[in-house]
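We just call them A, B, C and D in the order they show up, numbering each chain from 1.
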Amino acid sequence: MTSLFLFGNFQKFVSLRGRLMIRKGKSKFLRQPIRHLDLKETQSLFDLVKNFRYTSFQSRNIFKCFEVFRKMLSDPTCVIFLGLSGAMIPGGMRRVIRDMVKMKLIDVIVSTGANVFHDIFESFGYRHYIGSEEGNDDLLRRHRIVRVYDALMDDREINQVIRLLSKVPEEVGKRVISSRQYLEVLGKRIKDEGSILKAAFQFGVPIFVPALSDSSIGIGLTFLHSQKRSSSEGLIIDQIRDSFEIAQLKRMAAVTGAIYIGGGVPKNYIQQLGPVSELLFKTESGHRYAFQITTDDPKWGGLSGCTFEEAKSWGKIEKESAHAAVYIDATIALPLLVGAILQEGKVYRKRKRRHFIWKEDRLKFIQFI
Amino acid sequence: MTSLFLFGNFQKFVSLRGRLMIRKGKSKFLRQPIRHLDLKETQSLFDLVKNFRYTSFQSRNIFKCFEVFRKMLSDPTCVIFLGLSGAMIPGGMRRVIRDMVKMKLIDVIVSTGANVFHDIFESFGYRHYIGSEEGNDDLLRRHRIVRVYDALMDDREINQVIRLLSKVPEEVGKRVISSRQYLEVLGKRIKDEGSILKAAFQFGVPIFVPALSDSSIGIGLTFLHSQKRSSSEGLIIDQIRDSFEIAQLKRMAAVTGAIYIGGGVPKNYIQQLGPVSELLFKTESGHRYAFQITTDDPKWGGLSGCTFEEAKSWGKIEKESAHAAVYIDATIALPLLVGAILQEGKVYRKRKRRHFIWKEDRLKFIQFI
Amino acid sequence: MTSLFLFGNFQKFVSLRGRLMIRKGKSKFLRQPIRHLDLKETQSLFDLVKNFRYTSFQSRNIFKCFEVFRKMLSDPTCVIFLGLSGAMIPGGMRRVIRDMVKMKLIDVIVSTGANVFHDIFESFGYRHYIGSEEGNDDLLRRHRIVRVYDALMDDREINQVIRLLSKVPEEVGKRVISSRQYLEVLGKRIKDEGSILKAAFQFGVPIFVPALSDSSIGIGLTFLHSQKRSSSEGLIIDQIRDSFEIAQLKRMAAVTGAIYIGGGVPKNYIQQLGPVSELLFKTESGHRYAFQITTDDPKWGGLSGCTFEEAKSWGKIEKESAHAAVYIDATIALPLLVGAILQEGKVYRKRKRRHFIWKEDRLKFIQFI
Amino acid sequence: MTSLFLFGNFQKFVSLRGRLMIRKGKSKFLRQPIRHLDLKETQSLFDLVKNFRYTSFQSRNIFKCFEVFRKMLSDPTCVIFLGLSGAMIPGGMRRVIRDMVKMKLIDVIVSTGANVFHDIFESFGYRHYIGSEEGNDDLLRRHRIVRVYDALMDDREINQVIRLLSKVPEEVGKRVISSRQYLEVLGKRIKDEGSILKAAFQFGVPIFVPALSDSSIGIGLTFLHSQKRSSSEGLIIDQIRDSFEIAQLKRMAAVTGAIYIGGGVPKNYIQQLGPVSELLFKTESGHRYAFQITTDDPKWGGLSGCTFEEAKSWGKIEKESAHAAVYIDATIALPLLVGAILQEGKVYRKRKRRHFIWKEDRLKFIQFI
């Protein structure tokens, strides 16, 4: 009897024993076996995300984010904040984010100015175009074409939109407003059904852009500012008013969740709501749910890539919070996660919309409709 | 007539003009607009990958890899090499890779020893388990449990498999063999239908592990070596014989394609086939198709992360080759790409299997069945 | 005569031929050989950076940044902007940045609010502490200690500083000011010689924080805002005024340079000065010199990691600009680069300080002292 | 008395209190304050590395690696293994590594074949050249110039060296040898004082290349193999013999340390010595000291980027081992670390050289000279 024969028999024996051991739970550490992804049973986006539960590394993190997402959607009192960084509109994610607004997957947005500008830009019928990351940028410049990695835009169209935007403040009628109020005015005027800003206006999702000056919208406002005759005229976007408004949102919501696409100001701004609440309202109130899609990393020490564990030390998320992070380009993870939620259907369909009733810079109450 | 009125009208006007411009092709650089991913039309994995054609950044690169994959599968003469690095079995990708073998998506594998070992390990009925990346490793060590990031294994089971593997050489009957021949012997003995090694044996897909000593399989062979009485006895895995065998494969294949999961020795070994061919057979023969799934980056100067453009300077890929790279965890990209290929169906079903007829270390011919 | 003998002789022959070839310039591509770093001749930081000229990968990029740095310092008309992101004060870089201000290596700062807050925090005698990235964050929270990766702070001290900061606006006397003016008021009051803010005030280096609300300074101001009785009282930080002020700086400077530590708002804000100038002043004016220390990457499509080539397509940097980027943690690269500049001495000593003479939000002129 | 006055006084008060608190140790978590790097006191590489002790993020990790390096050098019984991956010779690090051999900073090398080949290549008087990462690779190919990121080589010179190397085996006189023995034969013949291989031979530092076939050296041997008339002739590099030899090294050394430049086979091969020892010699023996310079990351699940904590679960490093990792391009970190060790002087000068006395594939003893 050769060892090879034993080899064969041993396989059967161990295989049986393996199954037994799983049932008996041979070690508390070794309870749940990895289940190798079976593509026959993985047809839809939901299938894939669901099956990532039993794989490892970043694919399992996709599932973990999905799980947190489901939890925050299922919580009947939770208000969900979306932090939006990175070039999501040149990235082709405009409709996915619009759908998040429309399908009640998020209640409040904090964004970079760029994402809002690119959304407005497309609302005018202008387009982003497929380009290459190895473009000849001197040549592009000569043709007045600008590049966002492997996407392209017509610079004259950008300037056209900036000029039109700089007309808006004349119509606002107020002197000092928050970015939220300003973006509401813009959203109201947009006709394009594909627009995030329009959908946000329609469905009552406030958009905050704390660093509005840091974008083409801000460039338009700066142009206007430069033409003011005296310092007592002209519109003022009061960023501290934004902070006060969003702090009230945090306070009035019994429970909050946070979704971060990238980091930057939007992430930090939503994260600091815990410390803000402590100072303003003497209540500890970190987020109860949080997940992040990022390509940054904790090891560089910056806020964009920092972990939710670190956030616990600050009271930015609750001690018992559900949280997850996946390290991946958002243009891949976002469609997977949102697609899986929509395909599963159950969770989000039951969710009520949160309506925020403002009087000036004071939040009066939150309606659940 | 206010500017806001103009604002509204302008949107319609521009929208029309935008559509016209697209038709007229206002600039040679701005031909193909970004199409924002529509989740309503994105149900399956194939839908997603197909729709990534018109998004940007790494999602578009997923599509580009898919396109290269389709091209290599469609080429009736192309022989496809898979370079396999990273902990794909603990990662839950065993079945996906097995399916790649079974469904004729690849013809030759070059792997790290670890991937082959983990496959054999599961063939014995042993399992990898769900763990956490924040494990208490001292505690795990006490329980003889080993960790692969967020996956776990029982160390005693590993040792059991190493011991059994060290019996195999006694049965081989030859003194000096290639890793390919050795792994064929192992593959023949495996019963488990889920095994990559078994499928490779069944379907005639050769597996090369040039650095076999650098793995638990190698540890088993080292144990055996340590018990040899004289240096003239015992099995020798001749890595140069591997190189000679795979060089013949490259030469006899009119056209070749390469798929890299990660980098390391498997990537470099398949990449160097161009230079090898030039030296041995005086023929230039880079790969015609190549794509890579990687988390490494060109900017560190290493081979694992280097671009296919750099590879052109070496003649590792053909000047006119189709190539793409996507920067992402392979446990996410691989199911997307293979899933999309299988769901589309057309391309891979027509493909014939390549059979390699060996006589010792000489490749006699390649059959297309 | 064996081949090994030939082998030996060949070395001599080739070595000679190699030297000849270098002299004769055998190929236009192969002019400058790599010079292997010689540690005997590498004692100081300047030695190291200088010798990185002839090595490869990111070390060579360190040298390239150094070279751009020297060029911008040598240009008698250049105004240098520093974009400051990341947790540089917890990172131990406070004194290095203070020295950049003091030694005339930079003329204008655009920063995240956090960096300014951490600087003020230390001005009060409070300290950041050595911690571990694997901290028990629940425990830290119980002790009211907050974590920034592997650095720690006392949360009560943070709150103490926030409270004190919220007293400052009462003293300002104006209603609507820019962040630059507000930070000047703070800088004037700081006694601590180690402070960046104090040095900036002393040496006339303006600091802009466009997203001031997104920081603990903003939290203090929000606290104040929440206590206002009517919307017509209280201080307003007008971010558009910031944009207008910095746009004038860009315009009045014949030539500009940009140094980016990290990305985020500070980078984008300095980068957009080119497009801003085009719109406001009808002049093309990208930066002539620019270098970036970053851990982000172009391939994710975001602005933080985007290349200076891409910036050319936007007119953010000049077509003929000198630019470089190095991919590395700034706590390593910044001391190397600034240290090398200071050790070399020649370039920075000759440089004159730029003084900006403001009247309200209007820049009157720039003095070179 | 205004609050601003208080603000000023408070600074003095807190500053005093701060100093007191530090002395009294107000919290066990807040013992050691960050010390902001002072460039005046940071002239040499040793100064910089030493001062990184009190900064954060990756700079502190540089110090931690330095500390581990010092510990392993100070341990009178420790044998130090260097794992060498990445394109270190094109990177300009040849002399630094040669100095590590010469100055007794390492005792054993495990390398990729490429690093050894590039070293031999330069021994012939050939050179690597400064290039650009944006090379036109089709043009380079036409000129037979190959690219390694931003370094260049002449392809004809590479082929010349491969051809010469393929002559060597005729002289070896043995049939089956380890890569260590083969590289000793090569090292003996090299005249160039700058060569790592020569220095290794001179000073008795064994070099193992377990995946020798995966390199240009392997290409040369494959060429030779292809010309063999029968399978019983020609040289065989027995990789399992390598494993057996290096396992004995591990066993005979009371204590071991590991330095990893990059990951790949060299890291895994040195890491697996613990498990190998357990199987072969029934003794637990992880490394007592280990540090890694890497640009990979644990989160992808691969071995190249995995943490030393994970390694503990495998018994690859000792439970009480000193270990550190720094995430940075090795062409920057290596000169810093080795430079600091050489400048400090004390530690390495006292170190004795380890001499390994072999008889065939058996290690007889280790001498400390």
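One rule holds for everything that comes next: a residue touches a chain if its C-beta (ideal position, glycine included) is under 8 Å from a C-beta of that chain, and two chains touch if they have at least 3 such contacts.
This structure is a prediction, so every number in the text was calculated from the model and none was measured.
Engineer: Using C-alpha centroids, which chain lies at the maximum separation from subunit D?
Structural biologist: Farthest from subunit D by mean C-alpha position: A.
Engineer: Between 0 and 180 degrees, and as a multiple of 5, what angle does the rotation take that fits subunit A onto subunit D by Cα atoms?
Structural biologist: So the copies are related by a turn of 180 degrees.
Engineer: Measuring from the mean C-alpha position of subunit A to the mean C-alpha position of subunit D, what distance in angstrom results?
Structural biologist: Roughly 41 Å, centre to centre.
Engineer: From the mean C-alpha coordinate of subunit A to that of subunit C, what's the distance rounded to whole Å?
Structural biologist: So the centre of subunit A lies 28 Å away from the centre of subunit C.
Engineer: CA centre of subunit A versus CA centre of subunit B: separation in Å?
Structural biologist: About 32 Å, centre to centre.
Engineer: Which positions in subunit C are in touch with at least two other chains?
Structural biologist: 56-58, 87, 90-91, 140, 145, 148-151, 297, 299-301, 327, 329, 331
Engineer: For a test of understanding, state which residues of subunit B touch subunit D in their complex under the given definition.
Structural biologist: 85-87, 90-91, 114, 133, 135, 137-138, 140-141, 145-151, 155, 159, 162, 176, 210-216, 218-219, 221-226, 231, 236-244, 247, 262, 264-265, 268-269, 272, 275-276, 278-280, 295-304, 306, 309-315, 319, 329, 331, 360-361
Engineer: Which of the residues in subunit C come into contact with subunit B in the complex?
Structural biologist: Counting only subunit C, the residues touching subunit B are 56-58, 297, 299-301, 327.
Engineer: Sort out for me which residues of subunit B touch subunit A in the complex.
Structural biologist: Touching subunit A: residues 2-4, 6-8, 10-12, 14-19, 22, 26-27, 29-39, 42-45, 48, 52, 54-60, 62, 87, 89-96, 99, 123-131, 140, 143, 145, 148-152, 154, 160, 164, 167-168, 170-171, 189-192, 194, 327-329, 331-332, 335-336, 338-339, 342-343 of subunit B.
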